[in-house]
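Listed below are the structures to be examined.
In what comes next, chain A is part of two complexes: it sits with chain B in the first one and with chain C in the second one.
On to the complex of A and B.
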């Protein structure tokens, strides 16, 4: 007998918790893809720009798959993808603004993309069948993201340029608190997912993230074990206060191409 | 940290010969693998490998990119041709 979650048996609160979690992941992937796409041109080398382009496509593909999982809850993913206001987006906080420089891109690859991969790993080990089927392929692609992120973090962290080292450190330290809060959410909705076996406990997720980034960040003089989660939590969207800028959400929704949509 | 040249080899199907498909500049082996995979993504490759150009030893030529790589290749063949 399958141990997969019987979605049809969930009560309204459990369904809402799963819905919120899926949108949190999918929105983060979609906005991260936009932030990567800003660097298709202007990256430090042609190869790096091509790799970043590939990562942007990966993130959008992952977002699409995650939005499509909403069908399990009888929710139309097209409406979620294209018909929400800016303030409804649930992407993780550090993606609210564009990455200001290449050091911030790399910090985002390590901290934000790393946190997403950590959360997806936890999700893939849970009882929600679509995640067990589709997330492992995403994680295979994420392995390339991690290779690029860790190599570039090391390069910047050991750079002879104090400015490069400073920008990397500042960006990384700014991203860690909201990401830790996002990973380690212990509100009622996430607790329901843990009880259902969809997600591992918050402490385990945070521990896995710290283990993932500890050695990399240490090269930049950052002790991830000293970082604390930020305050402020919007339980409706499973993130801190605020939302991504309109320049990102209009691209995420496809506002300018609305008349051309083919679904 | 300076970038070095890696040559990229791939085969489309299991029984195909490994073919040289291009090169990339990369910081290290890890970024070389990423850059190769993302730059030469026109096929669903069965297998792809990267080789530091300095590790390639020309056999019958003393000119061309492999002989000019400045690595052991040039030194190894310099007196043999």
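On to the complex of A and C.
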């Protein structure tokens, strides 16, 4: 395609918007990988734990590719990955704390991972060439995540255990508002990306997400069309207030290995 | 000692506080013996007339660290060029977080740099089009079937 975005022609505000968006995606992938990795040995079965571990691996692979896109903006991805404070992380809000139980893991797979995949699909259809080249492989891998997520959501949602159903519902309902706010960010910076053809309009992204999860969530008695985005928006980081806990960011940065720093 | 493969983002100059990357590690370590290195041919005695074809032949000898068929048969090599002694390999991986990325880069570099006519190796990581099992060659499929692996 000859219609790719000419990054060198972007003005400072446009560059900042693209930078913010890339970090928002990459940080979310990195922290989601950490949250998944916690369940390698804690899932309901060994097989599921291994699957979740593989998903953690995928998320870090995706994060690596997304951070590397910052080079298009003459930004050193190594600095971004390894030299930021906790409060600078821009991962989507529901990942700030570890998933509390397996039901929360599954809610995260459907809602958070599903939202990330939705946003990546939009990104891959846009004019930013690195995304059109690298995101389709990520989406191929995300298809496996969705298979596991949707099967487990159905399993918990139809469980005879009221406790399991309740935990799944509570976790899902808690995640939806911040994720809807994150997907549908209608602020100046994202508007610039829409104008540039890098992203599809916010309403389209939210609609795509609702379409993706509607039938799955309905099995748990949740109507995604009734969910509303949360208030509170940190435009500097493209997310709500707060940040991921230090136990996650120190792993994301590799704090304990700095004396042996290799990518 | 071979040079580190050219991988964008790795060769950070460090910060004002001093170098950060690889600070405690040797510059390059061939960290494994996979890739069927014991099956590699001896270096060519003379420079080839068609160096691109010769690079492909070398890559044909580099095996995937996990599945003993070559990177070429697995469909991971998307392109080869050769210019003034430098071989450029357009390479993809089966997964975005393939745990053998570094092994594969080392194997490619080490195999090519044992040739006197290769002065440098550049590996370009590419993801378009995404690798799928459809890219495995017929010969690769035949070898996998012999190993009891369906693809």
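By definition in this document, the second predicted complex is superposed on the first by the 261 of 263 C-alpha atoms of A that agree within 3 Å, B and C clash if a C-alpha of one lies under 4 Å from a C-alpha of the other, contacts with A are read in each partner's own complex, and residues count from 1 in each chain.
Here, a residue touches a chain if its C-beta (ideal position, glycine included) is under 8 Å from a C-beta of that chain, and two chains touch if they have at least 3 such contacts.
If you're wondering where the values come from, they're calculated on a predicted model, not measured in any experiment.
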Touched partner set for A:51, first chain B, second chain C, both or neither: first
Touching partner for A:162 - first (chain B), second (chain C), both, neither: neither
Touched partner set for A:152, first chain B, second chain C, both or neither: first
Touching partner for A:138 - first (chain B), second (chain C), both, neither: second
Partner chain in contact with A:65 - chain B first, chain C second, else both or neither: second
Larger contact residue set on chain A - chain B or chain C: C
Partner chain in contact with A:78 - chain B first, chain C second, else both or neither: second
Complex contact set, residues of chain A against chain C: 57-62, 64-65, 68, 71, 76-79, 82-83, 132-134, 136-138, 140-141, 258-263
Partner chain A, residues of chain B touching it in the complex: 1, 3, 24-28, 30-31, 33-35, 37-39, 41
Chain A-touching residues of chain C, taken from the complex the two chains share: 8-10, 12, 15, 20-25, 95-99, 126-132
Contact set on chain A toward chain B in their complex: 45, 47-48, 50-51, 53-55, 144, 147-148, 150-152, 155, 158
